[in-house]
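You will see subunit A twice below: alongside subunit B first, and alongside subunit C after that.
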Partner chain A sequence: MSRSLSFECLRYAAILVALAITLVPILWMVSMAFKPVAEWQATGSDLTWIPKDPTLDNFRYIFGESSSNLIVALERTAVKPILSSLLSATLGTLIAMSAGTAAAYGLSRYGTGANLPLALLQLRLFPPMAVMIPVMVMWSWLGLMDSWYGLALIYGIVTLPFAFWLMKVFFDDMPREIEEAAQVEGCSRWRVFTRVTLPMMRAPLASAALFVFILNWSDYLIALLLTTREWVTIPVYMASLSSSMTGQLYGAKAALGLIAAVPPVLLGIMIQRHLVRGLTFGALRQ
Partner chain B sequence: MSAIRLENLVKRYGSFTALRTMDLLIEDGEFMALLGPSGCGKSTTMNMIAGMERPSEGRILFGDRDMTGVPMGRRGVGFVFQNFAIFTHMTVRQNLSYGLRMAKLPQAETERRTLAIAEFLRLTPFLDRRADGLSVNILQRVAIGRSAVMEPAIFLLDEPLSNVDAAFRAVMRAELKQLQRQFRQTMVYVTHDQLEAMTMADRIAVMDHGVLQQVGRPIEVYNDPVNIFVATFIGAPGMNLLKGRPVQTDRGLAVDLGPLGISPPLGSAQACALRAASGEVIYGFRPEQASLAPPGEGIPGSVTFEERIGARSIVHLGEGSTAFRAVFEKDVPLAMGDVAHVLPHPDAVRLFDASTGRVLKG
Partner chain C sequence: MAEIAFRNVCKSYGATVAVKDMTFTVHDNEFFCFFGPPLSGKTTILRLILGLERPDSGEILIDGRPVNGVAPAGRNIAMVFQNLALFPHMTAEENIRFPLVERGERPDRIAARVGEVARKLRIGHILHKPPALLSGGERQRVAIARALVRDPVAYLMDDPISALDARLREEARVELKRIQREAGRTLIYVTHDQEEAMSVADRMAILEEGCLSQIGTPSEIYDRPVSASVACLLGSPVMNILPLTKEGTAAGGAIRLPPVLRPQAAAFIGIRPENLHVLQQDNDEDGSCRVTDVEPLGGTTVVTVDAGGAVLRAVLRGQPDIHIGSRVTIRVDVAHVHFFGSGGEALHQHREGLA
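What follows is the complex of A and B.
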């Protein structure tokens, strides 16, 4: 049955509006990243979607090469912040996923009552602001300030409830009989978990890990408070891209933003097949 | 060696008793069906035999060995689940050989046995397919194969055919029976489908509300139910049960069925049973063990509904407490509203105590 023409028109109009709202800012960032100083400082009719004089100057600039148009020298390049973000977000995701998965499995299979899972979840209810200053004190006492591993640790802790809750829902949905079948065949509990349960959970694990990674990757507040110089992350570094002479370095920020978008997008594409399955995991044959 | 003996088995969940003192001996090489409605305790019994659940009281013995505290991996039983429990991330071959690989058998042996069971269950074309894309019918074969390949002395099946389609169910009934004949395992088969139990089992254990009601060969359970639960649960439709009182007629002892009049005179065995009874009795006969009779001879009832299944027809007669059914293998000249007189075969009549529901024996 085909729907009426006017309905189809409305449908596409709605899709177009939604796309515009999400894509225009991103496309604008892409465009800005390739514009020379004169163009991203332009106003009014001088503004164009396509750079008139496309350049890689912005990228060269944040990686420390001098640029003909930007005379302001950078205190430090984007290399270390990118490394810092990659290291802390990845290790933080590993911590959250391994601890969260283990906790979720244990509580899903052996746990009783609803309070313990909820208690873990309530970690998430604290506004990060409320706990960050005490955390700062603790971290400085432990010598974890301004280090990628200190940052990774707090990322792991903060996103743990998220990983835990996602995985718990997935484990609860997985038919227990599959594990019992393996046990009847003489498989130990640990082997059941590593050889049967986890491989069957690949899709949910991948999607949960991606969500956790994105959370860690886009953090600003925690990194702002726990890093000072050496290991600032991309968002913190991005905020510092300005100078008294030129004001906000929008072109450089756009270039950095473009780089920052790469890892999540790549990861997303890599696990795309799993992502759809992971989100529809409940559809397992019961 | 692999007889299963359940001794005083009890299972409680908190204050709820799922299974009350069950005693059952399943002989070596026997095909035993645990039959009953949902929630009767049959799956609980099965899970305790497999070791997935621990009994609250009682013992489970395989042969002479007490297995009560032995974990499920070391009981050496095969288990087929209702929802197949296939490892979807593996191929059919990997699923079938899983237990053999767990047991660390030599590779050649693993390969040989995997291929043999695949051949037996006609799974050879699917060996290298991943399990998550296969149809329900094939998945259930894989599940059966995965357990059978281990050649367990005890094979437990928990409603294995309830998720597959009707045509395939008929095929599998024959194949399972053949499998058991070939390997001579002790098989315990949980089902709520009496057709499966009747066609495959050597003996049937009928359960209800956590209580074992009757154990016997299918024909025994069908012909001589011990109580009105078994009488109505076995048979499709179940046994007709009509309330009445003993009465002496000039043609012998009979049952006064109230509004339905006096029953046909009882045979000698039932008459003898009736003499032992006191008070109200229940007069029972199988719908398929009756024939039409001229007025004055059978039990009268007006036709309220007729179900035709091919040549077979199930005629519903009477209403409320005096309703009963009759099954005829050939076309009968009856229409809605007609009054039919149904005469139970004298040998087919069974009498039950109205207060306890137990069968009356002479």
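What follows is the complex of A and C.
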């Protein structure tokens, strides 16, 4: 009894440490987002968790309302970068998920293209830096530089292997007889896919899509290289929130970070019901 | 309303031959059972009939019409899969309705048919539930209902009741027979349970390693197996197979067969446990047979006898006064002895001559 009690104590201690490591930086960002300039770099006893003088100035600042507290006027607001991130990450996720799902299904059911899985994985074996400069040249030649759809395209390509591999595992785990039953009961192959397979795959699709979306949403390197002015994404824009005169604009960055965290969290909550099932799919016998 | 026939059908998966040059005909309106040990090709035969697999060679005919190139949806055959293969994202009712919806039936006719089938299988009260919330027996009923709801030329069932416990299986067996009679359709049934096969089938086929060993009514096959291995597949406990000496003795001399009573080529004899009589011995004069095990099963008792080194199993009525270690003599009516050649092939002609 005492041994299991001490074990429980250790367990909770470990959980607390893990939670602290994950949550404290996020809470700090939330706190920072509402602090006025004066508190950004506070030290010693001035350092507080709760802003002494909470303000929305940081948010106003990145959305272009000049604030007397902040010396530097922004070249551009956060509106376009947020739009750019939303458009490119969403379309990129759509591209990766539709191509990846189709490829995974074909391979899982028909066994054609047996080399495809590794060939796709190869996309991920290159260090991104080695690939991105040639891609930059190609995108420039294709006229896709500094556009949200150009970004979306490369996001779709880069995250395709993830979508493919995740979906392949799910398809492999799905009992084949269910599709065969649908075939026998009068469905064409395409009807089987749309009427039976896809609806059954709702949970895996949702969790794979969330995973791919988060990858696209948090990309920095690709957007840094493929966008210049018009369609920079949130991470690239965030890096520009500093100046030689003021240094890092911590409060503004925290405010933007807080906004950037909203879409993935919202998506996660929306598909939470599917998420657990999707991530454990196949692990449980029915 | 269909006759299903194979003409020299072969199917292999890589190096594994699943179906070897198979020719047979399942008659219209017949309850036909495929029986064989695991991996004997039972399921492959069903998949070939359904069109889920294409034969490597040979022809499959439905009502005399070759269907080799016809897709599963075009063959109008209903199937109950071994794992039932219900659609987990649909309710029981949507599952049952599925075949009719896919075939573009009118909504009022669909509702009528679903209601009718649900009544027949007594599942009206669970129609709104998804398969995950149903018990094993209910799922099986839903799967059968999905097959029965439309009007196919034949029903195929791949061991559909294997997941049920013994009591439910017996009920399901009786019910399947009734359903088949009422529907008046060909039903092809696959099982690995010999008792189930014998109890439901009008005719059955014995499969061994992708080959059709024997085809006939259950009693034909039970009484006249074509080989020792077929004989051993049917019946429980299995038939006693004993080597026969040149002098016509078996089991260390406990069984003697005069030359006129046995075929010349006989190398083995087979005795069904129910045809082997075990008699209590008062004195130890004939001490060659000793009881090594007694299993009382209520109505019958299985007695294992060591006869000169050979182990024989006998099924006796009731609960005879025989105990482990008892000295016994064994008797067998020669009319019930099966003779097999050195390759295990049955030597029937001689037995018929003798009878």
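Simple rule for what comes next: the second predicted complex is superposed on the first by the 276 of 286 C-alpha atoms of A that agree within 3 Å, B and C clash if a C-alpha of one lies under 4 Å from a C-alpha of the other, contacts with A are read in each partner's own complex, and residues count from 1 in each chain.
Just so it is clear, a contact is a pair of C-beta atoms (placed from the backbone, for glycine too) under 8 Å apart; a residue touches a chain by one contact, two chains touch by 3 or more.
Quick caveat: nothing in here was measured; it's all calculated off a predicted structure.
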Fit-or-clash call for subunit B and subunit C when the two complexes are aligned on subunit A: clash
Which superposed partner A:E65 touches (first subunit B, second subunit C, both, neither): neither
Contacts of A:D53 with subunit B and subunit C, given as first, second, both or neither: neither
Partner chain in contact with A:V184 - subunit B first, subunit C second, else both or neither: both
Touching partner for A:E8 - first (subunit B), second (subunit C), both, neither: neither
Doubly contacted subunit A residues - partners subunit C and subunit B: 175, 177-178, 180-188, 196, 199-200, 202, 286
Subunit C - residues contacting subunit A, complex: 50, 52, 71-73, 77-79, 81-83, 85-89, 98-99, 102-103, 132, 146, 150
Subunit A-touching residues of subunit B, taken from the complex the two chains share: 50, 52, 72-75, 77-79, 81-89, 98-99, 102-103, 136, 139, 143, 146-147, 150
Residue ranges of subunit A in contact with subunit C within the complex: 175, 177-178, 180-188, 191, 195-196, 199-200, 202, 286
Partner subunit B, residues of subunit A touching it in the complex: 175, 177-178, 180-188, 196, 199-200, 202, 284-286
